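Given below, in the form of structure tokens, are the structures.
The following pair of complexes shares a single chain, chain A, combined with chain B in the former and chain C in the latter.
So, the complex of A and B:
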């Protein structure tokens, strides 16, 4: 009798607690992402399961991640931030943090621990590159090439310096219209050791050296500015090889069956993840934090890899990566972090580019326009 | 203009009669006429008021605000007010880093700024001018708490009261009945709202005491900003929070500077004297050394020079940058050659806009001529063909040109199939100036055809017929009779196309490659990627000024009255 009473009392308490908790959270949420296949993977892996758990929750997607920093700054100045959770690359997260536009996150308080009890801070490890950044995936910028355009009797390109070898591999290249990554690759192929690249690039002479190296292939380059450009140029046969995000190449190769292959050499790792804008009202903040806690746990990050070939940011998610949801192929070999692909990799140096971005970009653009 | 004539008539009658002409109600006619006119003007103003207000609020004001950023530079003096003041006397050409006083001021400024998380913002701002300042501020913000920690430890070892929040509160407020120094608090309110942009006018339950702020001026100042920040940003109670390290450092400095304790009998007098005895034997806090320990770049004169040059609230720096110059040691100087880009882009934008305008005129003139001379029914059909692309999305049309012009595209394929071009040497028609000119000419063509057509359709065909019947050849009758009448249409179309072309952004971005991009692409880059809004505003202002000057020149040469849209 007493037991039933206690049980009932506890149940009642729990119910009221849950109800009170739910009341505190806003019943709509605006998520910002990149659109395309990437956003679709987030809808499938995070938003739909989350909405199933919270009936009546409305999720609005905004495809503005590309100019998220500028828009958040404008929203902040207007005093009306309409976004709740924003997907940005790590360097943008750092800038938002620097500008005071993103909220600082305490990983152990705001993020779920791994199933084996490892704290979130240890589980994400080095990938927590900014106080405001909640890592989600590891992606890489790497090269894809047309297999049918490799000249006969020549091995397929497997070295970053093959980009410069227009004699062996004739045809145009597509490179991103910004210095980041291109300058590093140029120095690597100009004989600079991998761990000295940024030291060299910090000097006037080093920057000139990289531009001189890029000068060798300048006439053979089509410069891209949107991530979809290189896949399109490869599919049209406009270029022989081009750099882009590895997930885009995956979809060209596996989903669209184009005669394209990956060249993983000297791929540059970068991170993408969430930030929460600073200064949200309490109910929306509670909702955003609740969503983040759910969407960045070990299982959810592994689920996303079913839809797109980006590596989950948690160490504990890696073993859970399975097969592609529609194609049914194993996803692990397509991950940039797969040991076979990651023989020679490069990590985007956030600190360096935060400092040198403006300076080197001015030189790079002047060089491009010459 | 009947009213005008009436006024003239009124004047004439003024001279003939002796008294003023009166209206029917006995008032002077001039005045009642003016009244009627004024009422009319007000009514006209009332009618356009909704549009005028709408345009002012949604268009003119935001643009003015954005353009104002091209000279605005308050962030430096708001974030580092003390440092900026101390830095005034420093000679940048001396080749030596500034003295101890600057570093001490920097300590207090940076400490407050990093509590308010504004230091990184300033770092980003200054990094546009001097590479490396961004990370200098970011890393120093984290470590500035540690400066002088030995002194704080010594103070707290001496007496635990220095760790006690209630003791500090009583010491600084000087007790309930003491005379207060609200002037100091107001100064700090102003400073903090300048720093953070928030409102600091609320009551915080603390006002520094008059005596203590005379005895320990720096400490009272530091404690006041701590108190304001604690209550308004952190929403805590002052008396329940231990003061920042910066407050304690300020106390150490005040005491070491020889604060005269002999006359002080207020709260905490005993503790203060004990602290004075203890501190007197110790060496001074070495702020400069501490900062150089945090990061040796604090010793770099270039960084300090940048801070000095950019300390005034307004700067010409963005405009200098926009014309490939920079603030050098002896005033403005040209940027290094490998960074010069904007002048070249301005020239290119103007030149290509002119080319696009010219090719639009060449293509649009025959089409408009045909349209205005065909029977109504076929003219309408052709008109729809002109307007159809006009109604299609800009992106679709631009992408279509990509498909047409690229090396594996429709035109090249056709040429190769016809055998006119070798497969190995397909024409490069896109990602260069040619691509931009072709795509933009196509996109802007309707803006040329429409005004031309509407002007040409008003030219009576009888004029040309009359010229012919008087013996003019076809060419003479066209050139001497028809063409001069169609010039207003060309003028209107040219202005429209040129002004639209000069600000084009999406099309050059997609088909322009590196040689076919415009200045607007760099403006967009600085707005959305580099976040250097000041530079973007300066570039935009120059572009706007260029358009206005060209418009003015056009008015002087051709006359704006000669422009007809219909």
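So, the complex of A and C:
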């Protein structure tokens, strides 16, 4: 009897709290993302349905995720945080969290449970890599190659070490202009066992070994810095193969119909998700939390996969992934997390790179300049 | 009329020159085909052979020129399809003309008869260098234009485009620009911010220039230096400074914040151009006007303003273009609601290489050309009306 009463009282309280919130929520919200097809998928899957539920809400998109850390620092310094919800990669979220620029999230309080009642914390599982980070998608950095530039009588490349095999597969390669991923791939192809890669890379000799391996193809590499570069270079036939985000390659292959195919071997998973800046006024914070609760529920994450080939971060969303919204093709086989594609994968090693990034970056840049 | 003697030149002089030009043309053709060296050698040999043929064996200018033009067009077509044909046609026409222009000695026709060979050489070398600088400046802009009609979503000359196949071209990127909300929003932001910023910079800049050119103002030079500093200080520094300053004032992320920031950037241009026109302004005119009973305001608008108007207009034009082209300051001072065209192009180029950017660039280039032509025509008209230049 007492228990029921308490329960009822709590429910009543929660209801009033939610109602009070609804009144105090700001009627405009600035979301920050990456632009391009990725942002479009978020607009379609999250923002449009959310706006339909809340009439009169104005949503402004800012395509500044690339410089989110620097801008949030400046905003904090100037005491004028204009962003409400910011889309960043996991490593940026960790930095922002450490610096106190992002708000800590309690998954079980701020995020929706799965439809079967599993708590949000269990549903996201290992992907909750930081206290401030609300994972959205799993993407991977992997290779695409021109199918029409594979020499005759040779099998299509299906091994990460084919990147180094310029005799069998002549042509330029495009690689990202930073050590992350490239160093791992280089060691892997220099005979280092997969589970020892980071142990080796932690040593001076290991770093030199990776750079020496990269040196073999240095003359054949075009370095990219924006995700759109490799698709452009592949479409141009300027490179034979290149690394980029798998969603970009999906767009080149399926939407733009270019003669390009995926080489999933040794793809590196990374996470992208939301953070809420620290120190928002109450009404905007209420709006941001309300949006996050809605936009990261099981169905919404699955919906995003209709527009772009990134895997939803919730375990419960995976079975709901359907067909592409315009092309009508099944999206599951294009997900980096699909078992067929994920035979040999890495997960971005956040701890390792947090510790070694500055050091290895300096060496890598010095090597590039040689 | 001319007294310069035009006489045919020996093959031993013409052939090497044409061969050099041929080698230069061959460098481009050869590089495009994958072997620069082969192109250079081939171009030189073809140039020399044609010269020899036309100047010794077959000296019939009209027929020879037709043969080279059509022959090269056919060869270009055979090797590189329609686009190759067009390039061959242009090369053929040029070399047919060039051989006889040199061979007949016509290149001296417009020069005084006493010029030495070296002077003639420098005369044409100068022109060639000017041409190459012009080419260097204009090509990056021109290349963008055909690409903006690409039917694909990449910055690529597709095989269809090179074949001049209509299927390779489309207006879809222009359609995207005019129908996409992001681009339209950015365009309206640019169109509403730039004129207001221009108006502010022209008003303040002109007043400052007039004040600073009166002799009795103390500390004129330091004040001038401070006022034109936004032009000299690296933009990123002004932008960061404005960001923190405007944040405290509550102007960061507002329409008026961006307008004021752009006005500050535009003022130096107006000050410089107006100060330059004021140098030629005769101060006794204002005294004469005052003598006739006009108050200073009337004097300014009726006497001074019409005379310095060209400086004001060109300063205003620079201020407008500064605001219209500016991306660094707006990234700091603006928020997503004030996204201007350059901002949209900047993020678009980084996140998603879409030819819509090229379509926008083409439209902007066309607008700039129209704007500059109009201003130039107006200027000439006013000069003509004032009888400053004949015709």
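Throughout what follows, the second predicted complex is superposed on the first by the 350 of 370 C-alpha atoms of A that agree within 3 Å, B and C clash if a C-alpha of one lies under 4 Å from a C-alpha of the other, contacts with A are read in each partner's own complex, and residues count from 1 in each chain.
Definition applied: a residue touches a chain if its C-beta (ideal position, glycine included) is under 8 Å from a C-beta of that chain, and two chains touch if they have at least 3 such contacts.
Just so we're clear, the structure is a prediction, and the values are computed from it rather than from any experiment.
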{"item": "Clash or fit, chain B versus chain C on superposed chain A", "value": "clash"}
{"item": "Partner chain in contact with A:36 - chain B first, chain C second, else both or neither", "value": "second"}
{"item": "Chain B versus chain C as contact partner of A:286, first or second or both or neither", "value": "neither"}
{"item": "Which superposed partner A:366 touches (first chain B, second chain C, both, neither)", "value": "first"}
{"item": "Partner chain(s) touched by A:236 [first = chain B, second = chain C, both, neither]", "value": "both"}
{"item": "Partner chain in contact with A:315 - chain B first, chain C second, else both or neither", "value": "neither"}
{"item": "Touched partner set for A:79, first chain B, second chain C, both or neither", "value": "second"}
{"item": "Partner chain(s) touched by A:69 [first = chain B, second = chain C, both, neither]", "value": "first"}
{"item": "Part of chain C, among the options 9-17, 27-35, 99-107 or 171-179, whose backbone runs into chain B after overlay", "value": "27-35"}
{"item": "Doubly contacted residues of chain A, that is, touched by chain B and again by chain C", "value": "66, 236"}
{"item": "Chain A residues within the chain C interface of the complex", "value": "30, 34-37, 39, 60-64, 66, 74-75, 77-80, 82, 226-229, 231-232, 235-236, 256"}
{"item": "Touching residues on chain C, where the partner in the complex is chain A", "value": "152-156, 240, 243-244, 247-248, 252-253, 332, 335-337, 347-353"}
{"item": "Complex interface listing, chain A residues touching chain B", "value": "66-67, 69-70, 73, 95, 97-100, 172, 177, 208, 222-223, 225, 236-238, 351, 354-359, 361-363, 365-369"}
{"item": "Interface residues, chain B side, partner chain A - complex", "value": "117-118, 120-121, 123-124, 127-128, 131-135, 138, 338-341, 344-345, 406-408, 431, 509, 513-515, 517, 522, 527-532"}
